[in-house]
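Here subunit A shows up in two complexes: once beside subunit B, once beside subunit C.
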Partner chain A sequence: MKKRLKYIIAAVVVVLLAYNSVYFEKLSEVKAEAATGKFDAASYAATFWDTKLMPGLNQAVEVNDLMAQLQSDKEAAFKAHSNALGIGNIRYFLIKGEGELSSINENDVTILAMADGEQKPVKIATEFVYGNAVRDALGLVDLNDFSNTMDLNNVSEELNRKIRTEVVPPFRAAAKKGDKVTFIGAIELNKEHLRLDEIEVIPVALEVVKE
Partner chain B sequence: MSPKVYVEEKKTKPNGAAVAKPLQGPADYKRYLVKFQSLIALFILCLVIGLLSDKFFTVANGWNVMRQISVNICISVGMTLVVLTAGIDLSVGSILALCGAITAGLLKFGLEFPGMDMFVGFTMLGAVLAGILTGTSLGMFNGWTITRFKVPPFVATLAMLTIARGLTMLWTEGFPISNLGSNFAYLGTGWLLGIPVPVWISGVIVLAAVIVTKKTRLGRYIYAIGGNESAARLSGININRIKIIVYAIAGALAAIGGLIVTSRLNSAQPNAGISYELDAIAAVVIGGTSLSGGRGTILGTVLGAIIIGVLNNGLVLLDVSPFWQQVVKGFVILLAVIIDKANSKGE
Partner chain C sequence: MLKKMKRVPALLLLFAVLLITRCGSNTGAEEPKKVAVIISTLNNPWFVVLAESAAEKARALGYEAKIFDSQNNTALEADHFENALASGYDAILFNPTDADGSVSNVLKAKAADVPVFCMDREVNSTEAATSQILSDSYSGCVAMGKYFVKEMNKKGKYVEILGLVGDNNTWARSKGFHSVVDNYPDLKMVAQQSADFDRNKAMEVLESVLQAHPDIDAVFCGNDAMAMGAYQALVAAGTEDRVKVFGFDGADDVVKSISNGKIAATGMQFPVVMAQTAASYADEYFKGKRDFPQKMPVAVELVKQENVEDYLAGK
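After this line comes the complex of A and B, so read on.
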């Protein structure tokens, strides 16, 4: 009798737990509901580009000023001008500058810009546009808009695709060696292992200045 | 001049309990030193780190350390039970990852049965129970292979380490499962009565394990099996059953550790828990549990886990490279084993 009571209590507990653990729905209805709320990285990226990135370009720091600040007070420069979604040493900056187009290569162009008080080559990526620099440089992406990291990464991919297809081609078509060029773009720097001689800019705005 | 002779007298209270005896000579001092060696080591460690870093003795850092070690405590308690039976469980890190991933996956995506046009959604309770059940089942499987096929625990659990990691990759497709909701995040990041929830969870587990090892038949059987398996068998203990239970508990506790990790990050990472088994074994060994079984305590393991946690925290605060941190930890474990061996010889 005592044993039977034990089993009955155990069964009741299991049923109660199961009842509060799962719920059943029609799969077709769940899928239909999910489809309406599916994240569209392309439209998010387009909206982000138009409403946040473009208006925020005026926050870009002059490459010359940034280099000088990084040399004099790295911590302060990172604190003032860098952004990143995660923690760690990799941080992103939105920079701007102008200079003479010194070389046009298959994967990039080099601009001789004033940096750290002297004319320095700044590499602008035109072919391999990857990473999260553009997405994160302004610090305007809200993580709460994303339910998973794939969606977040897809936004970067869409932004980079936009750069490859909309920013780079008109510039490459018009630019000649020796032209004066202005640029705004994002760069990635490692706070712990700072290398200022290997900066590569992911361009957001790239124009040949007509004299 | 006659030499001093220290005579050890057995004194007991009327109820049979031992009466605390004042220290009488060098042998007593040595015994106490040995008994409290982990505590002394922890004290010295805290003192040194506290002197070198002004951030160490802060309330925030204290809670941070407690949060971090709570996962290791969960795993280490299970590992202690396994080691007490003269076994070892190398699969706890992978089980932790799999259970965290299963909980996260069920919570976020549920289960789909397209043939039946059925979707099974999981509440937080359901997902958590499923994770713990998975850990328990895998632990039972470990125990079953060890007892049924006489596979050495090292090999059986090494196999499970790979199996569980592979299953985690299959379940997650190699991607993290993130944004699991604020209710679930509360498990790893919340506070209850001014104490972090993970600390409560690990505290309850420690309390339960102390009661089991000290006050129950199961606890006595575990020590008996580790002390002398043949004698335990001859005295009528169902060795296989106890071992399966012990590995199942280790699996369940690894699963709870997985829930804490997943909740804390609000994301199940396919690579979570890598080498956590080593930290757990280190905590067990530093805590004075003999790897040959039959000797050790849960509280010793907790102390070992705290030492590992404080050491990790201290090395980070002192900006020591992660590579050096591993070297230092390795030497600390080695030192603990050497001291333990020396003490065993002395006894």
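After this line comes the complex of A and C, so read on.
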């Protein structure tokens, strides 16, 4: 009898242990819980756009001024106007300009500044809007706020997505060759291997001026 | 007189103690701090450059430096860490063998108050190393993806050859590339296989893929060694003029191959910059700085037909 009681108690203990060792949860709930602690690149990018990038657009340097400075004193121009989160030759500038829309191409548009007849056309990317130019150009993102590199990459990705979907389409729909256009955008330049003939602007603000 | 005699040894003793203390403090101030450079492997010239640049920079900053070769073996790497800590090294410039397996070694150093600065390869912890100085592989491959789409006119079939599947760089490169290329539905990836960053394996992988897909238009490889292997496979199949090959690293032979039209493009990494930055960070740490970024990206530059002249040897 005593032995039987022992077995029953042992069985109850085993069942209790087994019951408490296994539990079921909905996968969607677990995923949602995991996501709450995650970095939300889309909302970071939206806040960055509204509270830092837009108020900072007045710091953009005029494109012809920048070109002249780069040609006369490259070091000084990079020091005064460029930013980058990382180390290396690749640096970013926020520039602005206005001029006549001289061509509308599949992947870009070109603008000729009216102020200077000798100025080369400025190429504005409308298709290949990728990279870190917009994130880094103003130097407003602090690397120390990010321990995960992928979060930083995703911020660029979200900013570029916003440009591809919100800045470029209304411009391309409205713009015609010969229109007067104003732009503010970010460019990437290589300090060591500077090529001023390859400049491509990632637009942040791009508008046809109604006269 | 006797009293005076007694005072002499006492004064001598005091003088001797002062002398010893002074000598001791002098030795402490003059002895340079020691920096250990622990590298995943010295079997690959790329990592030799990384190791030697780090050690040279540490010596130039006035420290003693010694290189330890982990031979791609995490257990050997653990021995190096124990030896370095037991021998009183003051900082470790580190290129890990394994993103996960190396974390415990870095934590041991942290527990002993010895700062660790990772170079080129990261460890999967943001709490272990003092700072990690890494190639911005993702952004480098975003630029590569953009160039790839332009070169392919937004359409065609391609193969991706990945590096070691357990290596973070493999996926950073692949994700950066796909963050652009996947937006173009007419670019179809017909195969994605790993060749472990190895030239011969890449050749074998592409040879077998070509049997099923002889009509591919491009191959994107996770490093330059694999790009050279892929190119060899294309030469054997007689399609090297039609199929574009893209690599990553900036190896001399690939830069030359870009200039003579065999390879389309590569991402140039800068091991010397990473190594020197790690040594400079150690110097700043010794001087009291503590707020280092956990991960410091080092820009990767796209080398293509249009700018290859800038990157040929000696430039």
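Throughout what follows, the second predicted complex is superposed on the first by the 172 of 211 C-alpha atoms of A that agree within 3 Å, B and C clash if a C-alpha of one lies under 4 Å from a C-alpha of the other, contacts with A are read in each partner's own complex, and residues count from 1 in each chain.
Everything that follows uses one rule, which is that contacts are C-beta pairs under 8 Å (C-beta built on N, C-alpha and C of every residue); 3 or more make two chains touch, one makes a residue touch a chain.
Please read these numbers as outputs of a predicted model, since none were measured by experiment.
K.L.:
Touching A:Ala46, do we find subunit B (first), subunit C (second), both, or neither?
P.N.:
neither
K.L.:
Identify the partner contact of A:Ile104: answer first if only subunit B is touched, second if only subunit C is, both if each is, neither if none is.
P.N.:
neither
K.L.:
May I ask you to decide whether A:Ala205 touches subunit B, subunit C, both, or neither, giving the answer as first, second, both or neither?
P.N.:
neither
K.L.:
Would you check which partner chain A:Asn89 touches, where first means subunit B only, second means subunit C only, and both and neither mean what they say?
P.N.:
In the superposition, A:Asn89 contacts subunit C only.
K.L.:
Who contacts more of subunit A, subunit B or subunit C?
P.N.:
Touching more residues of subunit A than the other partner does is C.
K.L.:
Does the superposition put A:Thr149 against subunit B (first), subunit C (second), both, or neither?
P.N.:
both
K.L.:
Is A:Ser21 in contact with subunit B, with subunit C, with both, or with neither (first, second, both, neither)?
P.N.:
In the superposed model, A:Ser21 contacts subunit B only, not subunit C.
K.L.:
For subunit A, what residues appear in both contact lists, the one with subunit B and the one with subunit C?
P.N.:
146-150
K.L.:
Provide the residue numbers of subunit C that touch subunit A in the complex, in ascending order.
P.N.:
Listed in rising order, the residues are 126, 133-134, 136, 138-139, 142-143, 145-146, 149-150, 172, 175-176, 179-180, 270, 273, 277, 291, 293-301, 306-307, 310-311.
K.L.:
Write out the stretch or stretches of subunit A touching subunit C in their complex.
P.N.:
Those in contact with subunit C are residues 84-90, 107, 128, 130-132, 143-144, 146-150, 152-153, 156-157, 190, 192-193, 195, 198.
K.L.:
What does subunit A use to touch subunit B in their complex?
P.N.:
The contact residues of subunit A facing subunit B are 17, 20-30, 146-150.
K.L.:
Which residues, counting only subunit B, touch subunit A once they are in their complex?
P.N.:
By the definition above, subunit B touches subunit A via 110, 112-114, 116-123, 125-127, 129-130, 175-179, 267.
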